[in-house]
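You will see two complexes here that share chain A, one where it goes with chain B and one where it goes with chain C.
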Partner chain A sequence: MSIRKTRIGRFDFWTFVTIFGYFIVGLLLIYPLFNIFKASFISNETGTLSMSNYVEFFSKKYYTKTILNSLIVSFGGTLGALILGVPLAFFTSRFKIRGKTLLSTFAVLSLLSPPFIGAYSWIIMMGNNGFLRNFLMTFGINLPTIFGAGGIILVYSLQYYPFVFLLTSGALSNVDRSLEEAAENLGAKSTMRFFRVTLPLVIPSVSAGALMAFMMSLANFGTPMIIGRNFHVLPTMAYNLFTSEIGENPGLASTVSILLILVSTLIIFFQRYASSRRKYSSNMINKQTVDTLHGVKNLIVHFISYLIVSISTLPLAVVVFYSFKKTKGPVFHPGFGLQSYQKVFHDVPVTITNSLIFSVTAVIFIVIIGTLLGFVMSRKKNLPAKILDPLLMIPYIIPGTVLGIGFIVAFNNKPIYLAGTATIIIMSYFIRRLPYSIRSSASILKQIDPSLEEAGINLGSPPGRTFRKVTVPLMIPGIVSGAIMSWVTAVNELSSSIVLYVGKTMTMPVRIYLSVLDGLFGTASAMATILLVSTGLALFIVNKFLGVGRETIAG
Partner chain B sequence: MASIELEKINKNFPGVKALNSISQKIGSGEFFTLLGPSGCGKTTLLRTIAGFYQQDSGHIYLSDKVIDNVPAFKRDTGMVFQSYAVFPHMTVYENVAFGLKTRKVNDSEIKKRVLKALEQVHLSGYETRTPDQLSGGQQQRVGLARAMVIEPKVLLMDEPLSNLDAKLRVEMRTEIRNMQRLLGITTVYVTHDQEEALAISDKIAVMNFGVIQQVGTPWEIYKEPANLFVASFVGDINVVNGASLGTEVGLTSILVDKNQSKENINIAIRPEELSIVTKEVSGAEFSCIPGVIEKSSFIGSLIRYTVDCGNDVILTVELHKPQSEALMPNGTSIFVKVPVKSILYFHSETGERI
Partner chain C sequence: MKRMILSVLLLLLVSFGVFATAAAEGEAEAQSVVLYSAHTQEIIDALVPQFEAATGIKAEVVKMGSSDVIARVKAEQGNPQCDVIWSIGGEQLEANSDLLQTYEPKDWDKVDDVFKVGHGWLPYTGIVMVFVANTDMLTEAQMPKSWTDLSNPGYKGIISSARADKSGSSYMQLATVLNIYQDKGWDVYKSILQNFVLSGSSSAVPRFVNDGEAAVGITLEDNAYRYVAGGGPVKIIYPEDGTTAAPDGIALVKNGPNSAAAKAFIDWALSAETQSFLVQEMGRRPIRSDVPISPDLPAMSDIKTVPYDFAWSAGNKKDFVAQWTEIVQELGL
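Up next, the complex of A and B:
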């Protein structure tokens, strides 16, 4: 009987995965961020370390105003998203609405469509010569154009309300019906019941949805670029400072980036703090029922629900419609034709293959590494895993433009020279969408009883084999929905690829964006439609086979 | 078939001493039950034997071989889980075959053994079903077949019946016991249900606070509890401090016999040992305590009385096979007849049996 020391920790496969996770965070997040941070302290004129960029930023109203602008449109967009999302969630989860699945599919589609398609479509409708604006003008209704802060807020509201909608309806269907019945039994009328019992219970989810809407608005680059005109926000300012031919100023661009990260971090902490005291656990005993309304009430509820989804889907419909219009050069002509599509396949087929290759390559890595890291995050309770978890969520707070700038600053010099390559774009897709996959893997693992893995091990199957034979097959729905969400958001990605692309690595969203700027609305519409249809198909597959990946979308 | 020996096993979780120097031998072929309230360390001990937890110190021997550093998947134990842990993506057949496949048993042998195991758990014909087509009881049978089919050295069962409804629980425990006897496999069984433990075990270890309080046959555990915790956890028992009982002759003489002052002694007696009489009877074997019926409840096979004997002494009396004349209204003055031989004595501070 030998007396051996018992082992404290085991170096196994999962230790390796954890170390690899730290390597990814280090290389693709910390290193670029550190480079931006450093660059923000390097003076453009002297090239030495100084506070000059910060001094310059805060001394000129032209710059400081962008912070205020960013906050205005982000809060505005968030408020709009709440106004649209909460009622829609309440109506569809409590009342019988015909075509409910269709409504939520379209809502998700408008959420995941390329962020600037909405903006560009609104120009067609409500620009200086917009058809909707012209049409209304014949009735003497003179609406302002879409350009400026108001337009941006409108586009954000319509694009991001699905976050609020999805999270709130999820929470609403998880409120134990007994609680509402108890309120009723105690004499509360329906309005009081809603405001005193139901709403407070779903507030954490509402605020999580609002946070998502805020973060996306804050990081949005395409929309203010297209319809902002002279209204600058932090991401567009950073981009302009970083890329403009004249007066290029990477130091100041880095300063703007740092401030942008700072604002998003502060907002996250504020939301966490505000909702930390509002965590309710509930024992779901009585599931919610869906009431069938009658008469006027029924009509109103249907009308509002369909109105919200229709308005948010309208820009997409307009884009599809215009893609089939006859064109001659940049000009639309009456009648329909496929010239726009011919032009796309003739002139820029490479952008389609680029988009496809980049996004699929990124998704393959995302799936493999995200699944493994998701397992570590949800099953390993050791300290290194606990620290890694929030680090891997950093991409949520880094706007794409900032990450793009960071990548250029970091990987444009020895030891890593990647500027202008496909690799750098794939890497940016990978790191930005990795959290989706980690989240969806981790959340499906929560539903898988750890006893199943123990049973496999107990029956003599080593941990690696048990993971393959037992865990992975059970994770498939989460892995697939994570993969599709990653793919959809990667293929529609603009804000970091706009910084990272060169001619030969141009992707579809970049091409669409440039076409819009050049006034080539036909080709822009055709490409946007191609993106939309593939996005829609991918979502349809997820919905059909796995149910909407609510967790994945809303993090 | 194998014996298990635990030698000074310690296991700490943050802030809790889950296992406190556990030493115990479990004989080959024995049905050994770990019984205790939740948090007593019984599941921790089972999972340490299975290899899911690593003990902080101490040794585990399986058939006299130390297995401290043998990883869980090489320990050759068959575990049955509280949550069944039947693989939802596999059929019944694939579930039961899983352990044999990892052991690289050839297909025809696998088929033979799986079918036999399913027959033993009365699931013949269910091979192609998936777990979601099975009831809880059937799923647990799959779990049992899956654990047995690999012919493990020991069978480990972690509250396997606690998710089943009451009737099925009784049925299944008889089946488990019969099968264990048939196969003669060493079994460690965890439960918090004392009735289940008494019914099923060769030996029971009663645990509390990470310490084994007593090991014995079900009879010994119930009839000769080593301390007050065991006495009150396994079955109901009346516990009264010696000082509260006045100077009834019989009791006093016994207290004196034990060479202890009354205050240092708790006396305890099971409710079914007591009976109720309307007139005081005297004799060397009995002692009578006067009291008033405070409450009575009729639960079919017995009537349970709560009797107030004054001095804060409340006794529960169970009268089995009650006749109608036994129904007495609350407030009736009666005597509780105490058979002196059935009284158990415990030290009032340590709780140890005297």
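Up next, the complex of A and C:
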């Protein structure tokens, strides 16, 4: 791409990127969501414009309670994700941990457990008749069941801590070591150094990870659907109101969606405010080293790291185990067998190919566009960029189902007919996962001193070229971790593809969900295992590769 | 550094290229038919390969809850994607017959007259509403015998049922209780409902009962039967105060893209071979008079059934579900 001639008056390359950002928001978000917004003001009874849906929502405790419920589980899940993610990131990036690549691959893998099957694993372990619960009971340990708010918080923490982990490790490896050394020389003990120097430096990334965990928790409907029982949150309420055919109340469902958007917009502004008060950047002259610990300390660090990853991998282990259990019809029997795999053999090749094509295509676009927009978000302080930022965060909090229905309505009428195509699914992956890439690019940029770019521009390089030659290379850890997160979550995307898929565009998560929905845990496990192994393998390779890349930078 | 970016891009492009060619090869099929179905995935997995082998037509199945099937077909009216609606509750088809194309299948004279109740849609199999109980958790005496037994406070939180606003069969169960108890129907149903743990799909109900997550479930006979046949700790119970036996439906979608293949699919689904398979392997009841029922299931004459009026249940669905929703909200379910 030649950018040299794009400077027309005050128009430079970044103006073009900003305009393109608005175009994406307009086509893929505003246009489909406008219908939903309009619908929230249309009375279900009379079909005329009114506030009746909002009145109904706020006059019934059954509905208003869902706001509180959503906040409880989202904050709970975020806190859990921080408690698990930050120490793990610190340990693995600062100390020599045996099997580190494997550990971080498994950590990311727990993101991979598609929400429905992950939650179902927890029922098998910790349900009324859960084997883990029954086992602990023989020792007199009487744990509560997984059902309800506590269980949802547990599942969210274990599912979303990799966001915090990935972003924090990326940032930790970019912290200028001289700052920590200075603190050390001034007599600061290691704990104090961590809380007073290192942690504040990585706060933007930690809070970006926390924000992701929060938004994912807020928009998740799979987990509360399966283990929430009578505990409803905003997305499950919207989903139930949207998809029930006769009791359906699209107006009220839209109202719930709009409120969801409102809640998360507030949270985003809060996060931006909190992280804009802390601005640090370094030229990264002094790279981080990895310490080798000895004795008890070494043991503790290893134990905690492995414990966190093991517990989060537990649901996946259950899935793999059950996929090899002997079955007769839908019933599990003692012993092992391949019946579950035989049953799915017919259509797995097509389904997994679909999943890979759709997700990889989406990620290519996400990486390119997300990196560019991430730069605009964090470097351009003009009004259009400031407005664009929260707009681009909208996909975080639109329940996938709602966006999916918005897409079906918007893109299956004149002039665009896209229903039933791969394009519509790729578009939904793209717009739903774009924020990851933007966020992680923006957060890594907060650590890169803009003076490096200014130097490039002062030396006569146009903005686009400076970006390519100076900024992008410095951003690589952020770009790659953003790409991994986008891809992992895209390949596991369920809630919008469930609305958009047709037979020939069936993806693995959809296929797995349908089986779980029918209680066919054997076949669901078999397919989830196939998905896990293929994505796990890909991740492992990329992770190994990224590890090599990091050493190259450090060297 | 630069090499690294290039390699990442290359990796992505190469992997994309490989998969893209793989997909392109898979797409060169001659004839195909698009089916929207509420069938359990297990039946789809068993039947689709048989259909493809028998006719040479490629079947693309989109599986959804029956409400979602209708919602989707409605949403796509401007540009229909679906050819055949396969196995969803009769009253939903009855209520939406404007979306459907009338079709008289081959062997129509072999179909039992009692099942010829629909307008615009065809009967597919006979289904019966049953209870399913976990034999490890309940003794024979503790198991419910009738709909009214389900209101026993001892069952609180251990009866699994699908949501009546989501699942066609769950709505039919609600309508069955209203049908049996007439003006006392809502009182009876409300006292049952307060013991429920609700789920999205009726097919998952016997799974919860089989796994000991619930002691009792309300579901379709064939769903429960597959767990009995699989050797699970479950037992089917036919309510003493009566139940509904009715066909689920199959229907041609108006202006579907592959009309000829669609008709071939319906003919195949209603053929004696397919019906026999559904009876023997899936525990369904045949709609054809020339296919015998499964020896493991009781004869229809041994089950107390109450006549079910599709026009009535379809016509009242909006009101009934609204009332159901109100009670669910009141009970905080």
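Here is the rule we go by: the second predicted complex is superposed on the first by the 362 of 555 C-alpha atoms of A that agree within 3 Å, B and C clash if a C-alpha of one lies under 4 Å from a C-alpha of the other, contacts with A are read in each partner's own complex, and residues count from 1 in each chain.
Keep this in mind: a residue touches a chain if its C-beta (ideal position, glycine included) is under 8 Å from a C-beta of that chain, and two chains touch if they have at least 3 such contacts.
Just so it is clear, the structure is predicted and the values come from calculations on it, not from any experiment.
Of the two partner chains, chain B and chain C are each touched by A:Pro473. By the touch criterion stated above, A:Met192 is placed in contact with neither chain B nor chain C.
Legend: residue contacts after superposition of the two complexes on their common chain; A:Leu520 is shown touching chain C, with no touch to chain B.
Put chain B and chain C next to each other and count what each touches on chain A; the higher total goes to C. In the superposed model, A:Ala317 lies in contact with neither chain B nor chain C. When the two structures are aligned on the shared chain, A:Pro463 is found in touch with chain B, with no touch to chain C. In the superposition on chain A, contact of A:Ala455 is made with chain B only, not with chain C.
Counting contacts by the rule stated earlier, residues 473 of chain A appear in both its interface with chain B and its interface with chain C.
Chain C contributes residues 1-2, 4-5, 7-8, 11-13, 15-16, 19-20, 22-23, 26-27, 34-35, 40-42, 45, 48-49, 59-63, 65-68, 70-72, 75-76, 78-79, 81, 92, 163-166, 171, 197, 200-201, 203-208, 210-214, 226-227, 229-232, 317-318, 321-322, 324-325, 329, 332-333 to its touches with chain A in the complex.
Of all the residues in chain A, the ones that touch chain C in their complex are 60, 62, 123-124, 127-129, 225, 229-230, 240, 243-248, 327-331, 333, 343-344, 346-347, 349-350, 353-354, 356-357, 360-361, 363-364, 367, 405, 408-409, 412-413, 417, 419-420, 472-473, 476, 480, 483, 501-504, 506, 514-521, 523, 538, 542, 545, 549, 552-553.
By the touch rule above, chain B contacts chain A in their complex via residues 50, 52, 54-57, 59, 61, 66, 68-69, 71-79, 81-85, 87-89, 98-99, 102-103, 143, 146-147, 150, 156. Within the complex, the chain A residues that touch chain B are 1-4, 6-7, 449, 451-452, 454-463, 465-466, 469-470, 473-474.
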